[in-house]
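Residue numbering begins at 1 within each chain, and the chains themselves are lettered A, B and C in the order written.
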Amino acid sequence: MNYNWNWGIFWQPSPEGTGTYLDMLLSGLQWTLATAAFAWVLALLLGSIVGVVRTLPSRWGGRLATAYVEFFRNIPLLVQLFLWFFVLPELLPRGAGLWLKQLPNAPFWTASVGLGFYMSARVAEQVRAGIGALPRGQAMAGRALGLTTAQVYVYVLLPMAYRIILPPLTSEFLNTIKNTSVALTIGLLELTGRARSMQEFSFQVFEAFTAATILYLLVNAVVVLGMRFLERRVAVPGYFAGK
Amino acid sequence: MLGGFDFDVIWRSLPYLFFEGMRFTVMLTALATAGGVVLGTLIALMRLSGLPLLPQIAALYANLMRSLPFVLVIFWFYFLIPYIGQWITGASRPIAVGAFASALITFTLFEAAYFSEIMRAGIQSIPRGQVAAGYALGLTYWQVMGYIVLPQAFRNMLPVLLTQTIILFQDTSLVYVISITDFLGAASKVAQRDGRLVEMYLFAALVYFVISFAASQVVKRLQSNTAIVAGH
Amino acid sequence: MIEIKHVSKAYGTMPVLKDCSTNVAKGEVVVVCGPSGSGKSTLIKCVNGLEPFQAGDIVLDGTSLSAKDTNLPKLRARVGMVFQHFELFPHLRVIDNLCLAQQKVLDRTRADAEARAMKLLDRVGLTAHAQKYPGQLSGGQQQRVAIARALAMNPIVMLFDEPTSALDPEMVNEVLDVMVELAREGMTMMVVTHEMGFARKVADRVIFMDKGEIVEDATKADFFDKPRSERAQLFLSKILHN
């Protein structure tokens, strides 16, 4: 096999002049995590609203929410990112479009917002399922006490619904992290893209991608452990089997 | 905003978009699904077998594939396959594999991990009594699997398998990162050549939406039909 | 206090309540009984507006439920309801279950709400469990907490929807005792139940429902000794044999 292994490549300076190849990968990891965090917060906010709307009796609200979910689920993420990055600035009035195109870190903001909307549709489905899994009597008991619909959702339904959907939400968060890699196509300097750059500069293909793989697996493990800790902390005594 | 929207560029490039781009996308989706389901079923069977080592290998494979971004896996196979080809055939340098073959191998192997989880759930949902009855009749393991368990598991999981296929269909757009011309790639090429990004990307989004939405509605119809049958 | 006037309700094309009319005066204890599917649970859920109805009206302490300007949440705050499956909020401690609506609906301070809550828990015999979560209590204890939760709102009338049907037999009496006390203190109560012993003890009137209609509406004595309708007689003979 004519491949020259060189595991020492990580400590050699990258041609970009900003440090070693390892620094390059770690900076990519930072961008991955920052994008994922921003997108996830956005996804939780929007997804919760849409998910709640889908459980309300309003007909038009339900239709709008369904259209929202169907739109973001049936278009590939890559295409959605292209729409945000290339198409949106052209459709806006000239001033706004120009501002968008000249925004510093435009790929980061585009990727975060685009990924946030994409994942919000999936969060919406989870929130809807979580609320639907609760006994009908809970909402009735809340209303019987004189709580308004908003109060019933905030104090009675959502606290339990979120606990129920913690496991699938964890999966979606992990998906968010993985999906940041798609944004390398619009210039986000995230981990996978940096590994690819490292491969292009140094020709050490397998070292570069192995490092990226290990980093993703580490992040994965940390998130899973963190979520398990969170699950145990918010578990309601006597409700779930176990704690 | 819509002043100057160039419908003509879409109209002119339709043959290229569909006969080159969409053809690639559909072929990749169909073949990767077929290969992925077969391989995924094998992996599921490995995972559920009581044999030494096989379950662990299968679990490791499925978990690894599902923990990594698809884009990273695409890069891995893009560079790895020529070297594996060299190793298998004993050639003197890495074998250059065609774009389609590379994509097909990558997609089949990646999606197989997801299909294996679906098939595993399907196989486990078949009551143990079915398997016992098969063995009691003197059938071998492969006969029990082939004639009794897998047909039922497959039919039960069909909606979920089809949903995963729709996901696969959308994932094909990622071949963009290794510059392969699928439907999105074709739209992108036209967009950049003619300077018409807005029109081409909007059109691409529309086409993906229509196909995915229609397919998911078919799956929903299928689900309600099988639900009625299971009712009695 | 409660006037039910010609109330009819249907789920789609299926009728569940047919022209039901009755009254509950202040301080009265009315028991509603009947076979499954007779509409008794639905009727009681209409009284505090949890279930909508298509025809007729219900007037609670002078306020009509179907009037356009009626503030339903505020009205519900004055009506206490106890559910068959307790419906305590599992993620809140017992004390918080009692304080939530007091603070959010009645705008009481936390200190005031807690003081009232502890008094009520004392009344139902559960002060030791104030800091526990509902999942850590038995069914009978949960239902007593549910009664305290409803009482914390200082309701003018208490509605009970089969309060003991989901309880193991040995816990039924601890809940019924609380309800008997409540009745003796003069609370206006409307109780859907199969427990005829309770009815005999404290009910003023008994309403018998069958297939969505009010078939009998008599004083306790009249109902048990001389039921007029055949369906009520049949029902009584079956229930009292068990």
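Going forward, a residue touches a chain if its C-beta (ideal position, glycine included) is under 8 Å from a C-beta of that chain, and two chains touch if they have at least 3 such contacts.
These numbers were taken from a predicted model, which means no experiment stands behind them.
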If you take the mean of the Cα atoms for each chain, which one ends up farthest from chain B?
-> C
Using C-alpha atoms only, the most centrally placed chain is A
Could you put a whole-Å number on the gap between the CA centroids of chain B and chain C?
-> 56
If you average the CA atoms of chain A and of chain B, how many Å lie between those two points?
-> 22
How many angstrom between the C-alpha centroids of chain C and chain A?
-> 47
Tell me, which residues of chain B touch at least two other chains?
-> none
Show which residues of chain C lie in contact with chain A when the two form their complex.
-> 45, 48, 50, 73-81, 83-85, 87-91, 100-101, 104-105, 132-137, 149-150, 153
Would you mind writing out the residues of chain A in touch with chain B in their complex?
-> 1-3, 70-71, 73-80, 82-83, 86-87, 90-92, 174, 178-182, 184-185, 192, 195-196, 199, 205-206, 209, 212-213, 216-217, 220
Of chain A, residues touching chain C in the complex | 135, 137-138, 140-148, 151, 155-156, 159-160, 163, 236-239
Spell out the residues on chain B that touch chain A in their complex, using ranges where they run on.
-> 1, 64, 67-72, 75-76, 79-80, 83, 86-87, 93-94, 170-171, 173-174, 176-177, 184, 188, 197-198, 201-202, 204-205, 208-209, 212-213, 216
